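Two complexes follow with subunit A in common, the first pairing it with subunit B and the second with subunit C.
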Partner chain A sequence: MVSKTTTHAAVLFSIILLFLVLWPAVLNDASIYYRVMTMAFFYGALAFTWNLHALTGSISLGHAAFFGLGAYGSALLNYYTQTSPYVTILFGGATGALYGFFWNITFDKLRGARLALATLASVEIPKVIIDNWDSFTFGSMGLVGINTFPALRFGSFVVAPGESLRAQYYLLLSFMLLIGLLHWQVIRSRWGWAIRAVREDETAASMLGVNTTGARWWALLLSAFLTGLCGAIYAHLIGLIEPSLVFSLHISALPLVLTIFGGRYQYYGPLLGSLILYPLDQLLLHSLIPVGHAIIYGLVIIFTLLFLPQGIGAWLQQRIRAV
Partner chain B sequence: MAAATHKSCLELHHISVQFERQSALRDVSLVVEEQEIVSVIGPNGAGKTTLFNVICGQLKPAEGSVYFKGCDITLWPAHRICHAGVARTFQIARPFPEMSVLENVLIGVWFGKKKQQRSLFPAEEAKELIHLVGLSHKSHSAAKHLTLSEQRRLEVARALATKPRLLLLDEIAAGLSPQAIKEAVELVKTLRKRGLTVMLIDHFLALTSKVSDRLIALDQGEIIVEGNPGEVLQSAEVVAAYLGERQQKGF
Partner chain C sequence: MILLQLILNAFSLGSFYALVALGFALIFGVTHAFNLAHGEMILLSGYLAYILGKQLQLPFVWTLPACMLFLLLVAVLLHELLGRVKEPYELNTLVVTFGLALVLQNGMLICFSADYRMIHSSASPFEFSTLHLILTQTQITLLSTSLLATISVYILLRKSFLGKALRATIQDREAARLAGINVGRMSVIAFAVGGVLIGLAGPLYARTAYLHPYGGIEATLIAIIITIFAGVGRIRGILLGGWALGIAESLAAYALGIGWRELVSALLLITLLLLRPEGIIPRRMRQS
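On to the complex of A and B.
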């Protein structure tokens, strides 16, 4: 039965992937499609990284802290030293991970709602500092004209993510798949089982020899690093960042919404959420109700929690199993 | 190495624990020898479970130290104490609710020991333990769907999966049928034959009198009497503290 479900999932996944890879070739003017789907992939990657931490059972409302620090870390390093963005984004990730390390120390004893509130509040610290340190970070004016990713040349084949929407599309698709693969491998690994045991009963897990602190700490560090990396990529992709943008609640909340809608405990949950919800919002609702289209996220989260508490992924899995 | 010199399995030296200025354990010292079966008895709130929490590292004592096979484990994190060979069950079963019975036990097999000592055939080992506690027919059910007594049996299997040298059983007989209690008695005896040391908490004395080599009676966080079961149960202090409390409560 398990193998049957796996086969179905593999087939479904391949179809979606083929569609995503080939569909742009069919379109005459794919620019809107590219823009929307590139961001959908981006938020998909962000949802995966958010969920790496959420798998331990903790809900973070403060991942924007890692995102913003990653964005600023990379953009400022690039601005002051002219190091290539391909290198500075790693520094951005490290900045996020460093803040994650402080979370680990400070919030170690907090769980549940108290942890969620603490994480929410912790976004304000880097935001206020960056907002007010005008001489170094350009304060609330933000950084404008950040260097985009330079073109990569492979013989005669050129990938120019700075200019070409198509290059961005395929790069972000690959990035999301890579993070998704990592997310999957983490869930399958021995560490993934430790994380799952921590999520289901931390005390019982520690009594059975699971290093619960280690499992939680590394999950947050990895999640913070990758979220910082996402922030850094965002900075060089968009070319403009300001504190209110990269430290916004939106950045913390959207991955949460996408993941909970898609299914927190399925390895493909965050992917489902981002591929369904984000394009739905941008392509359909944005044109129908230009102001307040984001209300969909609020409604979806209420609907999901009420009727599909395990997310649409788990629901689909049951349907597939029943076939 | 351990066999050459005599080391007791577990020693507690002057353990004190405080909750919000109230002491839960006061200057508790005790020794448990290898392959001994020791029961800890006492009324509700006497500090029995607190004592277990201290031994397995879930709770750090304010004063005193815990020695396991000659090692001071007082400040070790819980998972390390488990690796050293201490396992426990909980008074109120705490299975991983969304995992199957098999997965629950596998967690113990996978994580209970350090790498070098880990089983080469985890699945076989887990299945054997599930068979031992009579849950084979439920291997693939989610733990949350088990009855209370099944959950308690799962706890025992899971604790054994970590290959302990010292097993702490917290009220495994509470609420069990006479038949099930008989099985539990047999199980404890089997475990001792396999070389385990067992400590029991037994509020209702169902197991205690049948299997224990020694009884330790706690009241208000202090050891009041210690000795062989017959003597302890007859002693005036125990009757006053323990049975007296029971009568008051209308048992």
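On to the complex of A and C.
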């Protein structure tokens, strides 16, 4: 049974992947498709990194803190030292991880709803500081004209993510797949078992000799690093950041909605959520309701928690198993 | 004399905060539902008052009962919605109401646009020229409404039979159920009364601050901070907590600049969550 489901999933996954890789070649004017799907991959990657932390059973409402710090860390380093964005994004990730380290120390004892509240409030700290530190961060005006990723040359083959939408598309697709692979490996690994043991029952897990503190700490650190990396990539991709944008509730909410909708316990859940919801929002709703189209994310999260608490991934899996 | 004016402003702000927190505290105390859409519901009520005043030329005082009635209905609907949430209840209500907050935010964005709106008061302020003190009509309204609302809730909880049942539910749901209290009905009542209080806070919000669809989260955080500070089921503590927060924020704004005000509430919330976990878990009331 399990192997059958796995084969089904693998076939489905390959079809989707093949479609995503080849489809642009068929389209003539694909710019809107490129733009929307690039961001869908981006938020897919963000959802994967969010879920790395959520696998421990904690719900974070504050990942925008890592995101914004990553974006600012990378953009400011690039601005002041002119280091290549390919290097500074790693520094952005490290900035996020550093804040994750402080999270770990401070919120060590908090669980459940109280932890979620604390994470929600913790976004305000870097946001207000960056907002008010005009001389260094340019305050609420934000950073404009951030350097985009320079072109890479492999012999005669040129990848220019700064100019070509197609290059952005494939780069973000590979980035998301890479993070997804990592997410999958984390779930499969011994550490992944420890993380899930913590989620089910932390006391019992620690009784059985699982290093629960270590499992939680590393999950958050990894998640914070990768979220910071996403923020840094965002900064150099879009070219403009401001505190109200990168520390917004939207950034914290989106990975949560995509993951919970797609399925928190499946290795492909975040991917499913981002590939379904984000294009639906951007291509369909955005033209219908230009302002306030994000209402769909709120509706989806209420619907999912009430009727499909395991997410649509688990629901599909049951369907496939029943066939 | 500027100090006296600052103190007065801080107390008026604090009274407003207490009013914002009352509904949240009651709902959370009785049902353990974390209503993250609390601030958005206050904004909704504020927008309703704004529309009623603008379109129907309704005087401000008459918008209050309309808003209270409307929010009562909204809160009872919310109770129905949260009744379907599965375990773990606290965390799941948090996520569901987070979704509701997004829905209300964007719904208000669609209906009322992102323009800043405010119900302006035409009444002239009182000036005490000997003390160089200015007391606006809005501040008087805030101070008196907040006191009145707190006292009413206090009397409801302390002096009535219904209040006794509500307090018993706050203290221990299971024991209350064993004592023959209809806990489900207590939850509906808590949501209804909470809704009325939210409805009352909305128009006053629109009088004090600018309405903006994204402004709700700040009100929610304020309500949570004061609820934790006061400890669940302690109505007088809410007034004290509101004043304390008002003073703390005014001090921070005065000493550091207005931009740092938001940091105070965030740091306070984190500190309270870390140091006063018992504030959020109901405990036995020792006096009485």
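The working rule: the second predicted complex is superposed on the first by the 323 of 323 C-alpha atoms of A that agree within 3 Å, B and C clash if a C-alpha of one lies under 4 Å from a C-alpha of the other, contacts with A are read in each partner's own complex, and residues count from 1 in each chain.
Criterion: contacts are C-beta pairs under 8 Å (C-beta built on N, C-alpha and C of every residue); 3 or more make two chains touch, one makes a residue touch a chain.
Not measured: the values here are computed from a predicted model.
**Q** For the three-chain model obtained by superposing on subunit A, do subunit B and subunit C clash or fit?
**A** fit
**Q** Just checking: does A:Leu284 make contact with subunit B only, subunit C only, both, or neither of them? Give me first, second, both or neither.
**A** Neither partner.
**Q** Is A:Arg190 touching the first partner subunit B, the second partner subunit C, both, or neither of them?
**A** The first partner, subunit B, only.
**Q** On the superposed three-chain arrangement, identify whether subunit B or subunit C touches more subunit A residues.
**A** Of subunit B and subunit C, C contacts more residues of subunit A.
**Q** One more residue to check, A:Val128. First (subunit B), second (subunit C), both or neither?
**A** In the superposition, A:Val128 touches subunit C alone.
**Q** In the overlay, answer first, second, both or neither for which of subunit B and subunit C A:Ser206 touches.
**A** After superposing on A, A:Ser206 lies in contact with subunit B but is clear of subunit C.
**Q** With the two complexes superposed on chain A, say which partner A:Leu17 touches: subunit B (first), subunit C (second), both, or neither.
**A** So A:Leu17 meets neither subunit B nor subunit C here.
**Q** How wide is the angle at the Cα centre of subunit A, looking out to the Cα centres of subunit B and subunit C, in steps of 10 degrees?
**A** Computed from the C-alpha centres, it is 80 degrees.
**Q** Measuring by CA atoms in the overlay, how small does the subunit B-subunit C distance get, in Å?
**A** Distance of closest C-alpha approach: 11 Å.
**Q** Flag every residue of subunit A that touches subunit B in the complex, lowest number first.
**A** 190, 193-194, 196-197, 200-201, 203-213, 265
**Q** Subunit A touches which residues of subunit B in the complex?
**A** Residues in contact with subunit A: 56-58, 77-79, 82-83, 87-88, 90, 94-99, 106-108, 110-113, 158-159, 161-162.
**Q** Note which residues of subunit A are touching subunit C in the complex, please.
**A** Residue list for subunit A touching subunit C: 59, 61, 106-107, 109-110, 112-114, 116-118, 120-125, 127-129, 131-132, 249, 253, 256-257, 260, 289, 291-295, 297-302, 305-306, 309.
**Q** Would you tell me which residues of subunit C are touching subunit A in their complex?
**A** Of all residues in subunit C, those touching subunit A are 34, 81, 84-86, 88, 90-92, 94-96, 98-110, 113-114, 214, 217, 221, 224, 257, 259-260, 262-263, 265-267, 269-270, 273-274, 277, 280.
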